[in-house]
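A, B, C and D are the chain letters, set down in written order, and residue numbers restart from 1 in every chain.
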Amino acid sequence: MADADAPLTILYFAWLRERTGTSEESVTLPAGVGTVAALIAWLADRSPGHASAFANRRTVRCAVNQEFADPATPVGPGDEVAFFPPVTGG
Amino acid sequence: MADADAPLTILYFAWLRERTGTSEESVTLPAGVGTVAALIAWLADRSPGHASAFANRRTVRCAVNQEFADPATPVGPGDEVAFFPPVTGG
Amino acid sequence: MARIRVQPEDFDIGAEFAALTAGRSDIGGIGCFVGTVRSNADDRVAAMTLEHYPAMTERAIAGIVAEAERRWELLGCTVIHRVGRLTAGENIVLVLAASAHRQPALDATAFLIDWLKTRAPFWKKEEHADGGATWVAAREADDAAAARW
Amino acid sequence: MARIRVQPEDFDIGAEFAALTAGRSDIGGIGCFVGTVRSNADDRVAAMTLEHYPAMTERAIAGIVAEAERRWELLGCTVIHRVGRLTAGENIVLVLAASAHRQPALDATAFLIDWLKTRAPFWKKEEHADGGATWVAAREADDAAAARW
């Protein structure tokens, strides 16, 4: 178990990477941010690029610790949280 | 158009070949034999092997001039008529 | 433009894919099926002999391929069926269907093998480990699969 | 026992079939799908770049393969997905599924590619002949295809 002050690793892929201008960042969560939905709302305020990346949340998908997640999925210290558009492989 | 006395070529495959003891024979049709069904009835009398080959007609399939045929398909002089079991390729 | 072959020799799967797609960039997906001689545990099949009706076989396969081309927008199609004696584990049949998109490629592949099994003049005689040999009976499941289309 | 690879290099289709079937005689059919970079006429795609989420990709594919193995009796399975920049006509993805019979092999192949398209973390950015580049949008048809299963 990561300790309560451990940062989260945030990863961005595809156009979320391009809009935020970063592929990876480390953040320490403020109190009260405990779900994917709350994390998105908090991240969107970090920069205009972040705001643009998260502007249309219906087109944003998420994985927590390499498993697909949804807005209600809990997030906490030490987690790896990735944001990306709907996948288009194959 | 083949002339009226031209023989038919009869081909046998798989266990019809084994039971009739031949892979190919040439026959001249008697008057009144003008369909696959009539041809089968007539061929079945040629030998005990033929009788055995055509004993269960539900398991016999036919092609006339290399196209799948049914009991009502016309046959006539010069045709190539093949008898075989249901196909099992692929 | 379909490639159709009936032959005793084995086929080279990689070479057939390459021949189908060489120099093209309009293809988005290729579906493929390879059938092989299976030796199952309870009724060991050591080998089988595939008999066919040479004057009719390629024509029948061409008719099946034409039907697939009528139903789906295909950009190429290959059917190779072996004949003669084949031992357990050997390849029997290769089907390839190329299209701009995956769904027609996959559907046409399934259609081609279903119809080959029920509408092309091939017959299998299996040799068993005990020395016996039996003609394979047509399966109702194959007729049902072919009738879906 | 499934083979799963994510790699920039091309794959050798014939070699992958051979690796899947080597020394076996319990396989009766192998289904296969190969996806390629398509450059269609109206919107010419010169190349595309495939981005993925390295820490998650192989795990996600393994989960999809495990689901296929739960649904069908498979005797082997191969999924190879390329990443990086690929030009028109190049291979993107290979799926192979082997079974005792053709139907599970074909169904598992279709399932695997449908789910790979909608549940594995890959993203395509297309480069157009006019110099522009756009992220490919997910297709509702793909979601519908994946939801069939």
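Points to keep in mind about this one:
The rule is simple: a residue touches a chain if its C-beta (ideal position, glycine included) is under 8 Å from a C-beta of that chain, and two chains touch if they have at least 3 such contacts.
What you are looking at is a predicted structure, and each value in this text was computed from that prediction instead of being measured.
In terms of the distance between Cα centroids, chain D is separated most widely from B. Centre-to-centre spacing of chain A and chain D amounts to 27 Å, using the average Cα coordinate of each chain. Centroid to centroid, with C-alpha atoms defining each point, chain B and chain D lie 49 Å apart. Remark: chain C and chain D have CA centroids separated by 22 Å (rounded to whole angstrom).
Distance between chain centres (mean CA atoms), chain A to chain B: 74 Å. Shared interface positions of chain B, defined as residues touching 2 or more other chains, are 90. Multi-chain contact residues of chain C, defined as those touching 2 or more other chains: 35, 102, 113. All chain pairs in contact, by the document's touch criterion: A-D, B-C, C-D. Listing the residues of chain C that touch chain D in their complex gives 12-15, 17, 21, 23-41, 88-89, 100, 102-103, 105-106, 109-110, 113, 145.
In the complex of the two chains, the chain A residues touching chain D come out as 11, 13-15, 63, 66-68, 80, 82, 84-90. Against chain B, in their complex, chain C makes its touches with residues 35, 50-53, 55-56, 59-60, 81, 92-93, 113, 116-125, 135-138, 142.
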